[in-house]
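Both of the next two complexes hold chain A, though its partner changes from chain B to chain C.
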Partner chain A sequence: MVDLQELHEAILNGDAKAAAAVTRAALAQNVPALDLIQQAMVPAMDEVGRRFECQDYFVPELLLSARAMKAALEPLRPLLAASGAQPAGTVVIGTVKGDLHDIGKNLVAALLEGGGFEVIDLGVDVAPEKFVETVQQTNANIVCLSALLTVTMLSMKAVIEGLRAAGLREYVTVLVGGAPVTRQFAEEIGADGYGENASAAVALARSCAKSAAVG
Partner chain B sequence: MLERPFQERPDFEHLRAVLLRERKDGPVPLLELAADPEIMSEVTGIPYPAARARELVFGIPGSLDPEAAKLGIALMDLSIAYSVKLGLDYATMIPVVPLLRTRAQLAKTGVGRDRALRSWQDEHAGLIPNRDEFLRYRWPSFDQINILPVEYAATRMPDGMKVVLLYRGIFEDLRQLMGFEALAYATADDPELVDDVLEGLTRVAEYTVGLAAAHPATGAVFYGDDMGFSSGTFLSPRFMRQHVVPRLKRIADACHEHGKPFILHSCGNVLALMEDFIAVVGIDAKHSFEDKILPVEDWYARYADRIAIIGGLDMDLLGRGSEEEVRARTRQILQACAPGGGYCMGTGNSAANYIKLDNYYAMIDETRKWNEEHGC
Partner chain C sequence: MRCLLVGCEVLLRELADAIARSPHTIDVEFLPKGLHDLGGARMRPALQAAVDHADPACHEAVLMGYALCGNGLHGLEARRVTLVAPRAHDCIALLMGSRQRYDAYFHSHEGVYFRSTGWLERGRDIEQLARDAGTDFTLADLIAKYGEDNGRYLYDELRRYERSYRQLTFIETGLESDNRFEQQARAEAAEKNWHFEKIRGDLSLFRKLVGGEWDPADFLVVEPGGRIVASYDEGIIKAERIGCEEETHVRRD
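Coming up: the complex of A and B.
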């Protein structure tokens, strides 16, 4: 019998091969896909986030765990699709206009995917209109905005205003982050949340998704 | 506009004494890692095609394009003119190191400002993502490296001014050569590859820094190597101690061998490595501070008994604040850091093209006034 703790450990250790192998073995033994996600994968990524917060893990460990999580999720995707299981949320993510930095944004995207979100990554130097248009087309419920510079972060406000002008603001949660961004700035521009780092951003997205589900 | 130049004549020896914490009296000097060409052009009134220069310098790896060479010489002249105009003790020069890098991307960054075109490092497609590419990579030979900019400046700087050599660090180049994500995976999958790339970069850095530091016109080396983000180091301190710190020491030693101060610029929260930088690497000064991480006064309180502290006026304030706010913050920093010595005023990062020039002038002007009020 497959021990789900092995999957948990494989993700914690960033071992993609082991994570995929344990998942396949579990599926062969008819372990339900949702059990694998809820009992092993999500708790493992929670632990990865906790270790990152207390500086036991760093960016490489986050990426390695996210890679292992993706590898474990791969064999589950067709089963989840067939069962009609919904993603934790749909996230539109991008680095705002004028800014080409995306290490942090990619990290958040990888962790969100690992956390069961559907992620639409618009890349870098993304115009406010593109965010708005994508939210309209995908019915996304979360928008994540990233910036590296103190001047480019001002574009975040334009995205929020664009969402408001399109009548979408009340349907989406806007989360912001990046080197110059502060909680105070997030409040000033009317964002719903600020993630100090990738792990915090994902925790915030999950908490927003939960609130939306409860609401 | 500045009411008056910061000082009547350059005095690098005073700046050097402050960097080495040899004296507590005298004026608080100004020191920056770098100034963007747009800022230098506005300060001096000398036109410079910054956008074109970025395309040439960053766009064609290893290029010896004649137009790039011409713009490179114009940039050296601009740098000296800028230092003279502001009354600085130094002119910043960059050595010629033909290291093949990925093509940088350009983006118009400043909201509504024509001058704010910035180049951005490609963070994905590194030239050395794996061992095969490492074996194919052509490292520059030592005879391809030169310090012509230092030699050029040596005969053109006014008396009392020296070159501060800006050198781009090995960790930044490691990130660019491998691509950040490939680097992150390699730290687990192939740490020997990371070590090999670092070693190649270190050999180049050690040679170049030593060559420049040996030149009598060079006053100090400003070594820029971003190793952290807002809440910690990119890679674990343990990894950095094992693979990077000993190599930083070799580069610092190449500078110290010629009696020149070694200034470390590293953005981000690198507090976990500060003891290594001071005790192992032997840095003389630390630069790059962000209020969001820890205000410069706190860095000063923690480390100024062992190293000099440089700059710290937050980039967000310089970019978005008012002149009055900048003056107030400048004075606040000076009150905390100037009396104990070992402090130079400057921005938290650089005179970047997106800061307000009037704010930059306000910082300089307020420091001049402080110096005058204190009899310097």
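Coming up: the complex of A and C.
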């Protein structure tokens, strides 16, 4: 019998090969995909987030754990799609116009994926229209905006205004983050939430998805 | 008048030039460039400690040789002495002499990296989150710490943003002793396969800051009891009374 603890450990240790191997072995023994996600992957990523919060882990460890989690998730995708399991939510994510910094945005994208969200990553230097267009074309219910520069932060406001102009604002939750972004700024531009770091972003997205489900 | 200048060492040449021309007596404290790499929340306490060295008995003002710098100045308090800071997002605007010029350049040139003498002679480049790797971030360092496969993966991930850049712009201020800085910047652009451009810097903001010419359009003057906060508008920064709102303290849900 495959020990789910091994998958948990592989993700914590950022061991992508082991994570994928344990997952394949578990699937071969008919362990349900959802069990692997809910009993090993999500708790492991929560622990990674906790270690990051208390500065046991830094960005490299976060990147490696996210990589291991993605490797474990890969063999599960076709099964999840076949089972008709619904994602926790659909997220459109990108670094705003003029800004080319992507590490934080990539981390949030990976952690959201690990948290069961469908993630559409538009990359860096993304124009406000592109965000709006993508929300229009998909069933996205969350938009995540990233910026590292104070000079590009205001593009976030343009995205929110674009969503409003397109009549989409009330259907999507807009979350903002990045080193210079503050809660006050998020409030001023009319965003729905602000995540101080990558793991906070995932918790925030989860709570938004939950309240949307309740509402 | 006598002032305390708290400046970033990246601007050492430009600020030294301004001090030499100033009619005022300027005490100086230069702080390491590395503060920038720590991010706003960790940069501010170091700046505050330096600002607090000002003595109200002899200093009329503390002059910030900084821009907003990734919100490094957001929340900085004028506790006992007036604080003066240029209205700019970062030191590139200071080196260009105006935030409007910087804004126009930034938005008309996609993917530009900037260099000045300070950025070339004062330590290594800003590398996103390099400090968190706990090393100076070479491929060999990452492999040694995280193993071959993960080390290479991290190197790629942490460096990927570089591939989005297209241009390196060298800002020449006229304070260069020779052309080695330009040569170094050209070599870096060639190595990374980026377009190279040299533009003329403008020292007027440094000279006005240190010369006591604090036009409200370009400088924020914060009286004791106030603090600097980001304004998210054209003015970039504004003053707020200390204690009126604890907005600079980051809360968590």
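We adopt the following convention: the second predicted complex is superposed on the first by the 215 of 215 C-alpha atoms of A that agree within 3 Å, B and C clash if a C-alpha of one lies under 4 Å from a C-alpha of the other, contacts with A are read in each partner's own complex, and residues count from 1 in each chain.
Going forward, contacts are C-beta pairs under 8 Å (C-beta built on N, C-alpha and C of every residue); 3 or more make two chains touch, one makes a residue touch a chain.
On a predicted model such as this, the values are computed, not experimentally measured, just so you know.
S.K.: Both complexes share chain A, so when I overlay them there, do chain B and chain C fit or clash?
M.R.: Chain B and chain C clash in the superposed model.
S.K.: Classify the contacts of A:P60 with the two partner chains as first (chain B alone), second (chain C alone), both, or neither.
M.R.: both
S.K.: Once chain A of both complexes is superposed, is A:E6 in touch with chain B (first), chain C (second), both, or neither?
M.R.: After superposing on A, A:E6 lies clear of both chain B and chain C.
S.K.: Once chain A of both complexes is superposed, is A:E113 in touch with chain B (first), chain C (second), both, or neither?
M.R.: A:E113 contacts neither chain B nor chain C.
S.K.: Figure out whether A:E188 sits in contact with chain B (first) or chain C (second), or with both, or with neither.
M.R.: In the superposition, A:E188 contacts chain C only.
S.K.: Pick one for A:A203: touches chain B only (first), chain C only (second), both, or neither.
M.R.: Second partner only.
S.K.: If you stack the two complexes on chain A, which partner ends up touching A:S155: first (chain B), second (chain C), both, or neither?
M.R.: first
S.K.: So, A:D121: does it touch chain B (first), chain C (second), both, or neither?
M.R.: neither
S.K.: Please state which segment of chain B collides with chain C in the superposed model; the candidates are 81-89, 135-143 or 207-215.
M.R.: 81-89
S.K.: Let me check the overlay on chain A: which residues of chain A are in contact with chain B and also with chain C?
M.R.: 14, 58-60, 63-64, 67, 98, 100-103, 106, 124-125, 149-151, 154, 179-180, 182, 196
S.K.: So in the complex, the part of chain B that touches chain A is made up of which residues?
M.R.: Those in contact with chain A are residues 105, 107-111, 116, 118, 120, 123, 180-181, 183-185, 187-188, 229-236, 239, 268, 272, 290, 292, 315-316, 319-320, 354.
S.K.: Can you list the residues on chain A that touch chain C in the complex?
M.R.: 14, 16-17, 58-60, 63-64, 67, 98, 100-103, 106, 124-125, 148-151, 153-154, 179-180, 182-185, 188-189, 193, 196, 200, 203-204, 207
S.K.: Over in the complex, which chain C residues touch chain A? Could you list them?
M.R.: 39-40, 68, 70-71, 74, 89-90, 102-103, 106-107, 110-111, 128-129, 132-134, 142, 145-146, 149-150, 153-154, 157-158, 160-161, 164-165, 230, 232, 236, 247-248, 250-253
S.K.: Quick check on the complex: what are the chain A residues that touch chain B?
M.R.: Counting only chain A, the residues touching chain B are 14, 55, 58-61, 63-64, 67, 98-104, 106, 124-125, 149-152, 154-155, 179-180, 182, 196-197.
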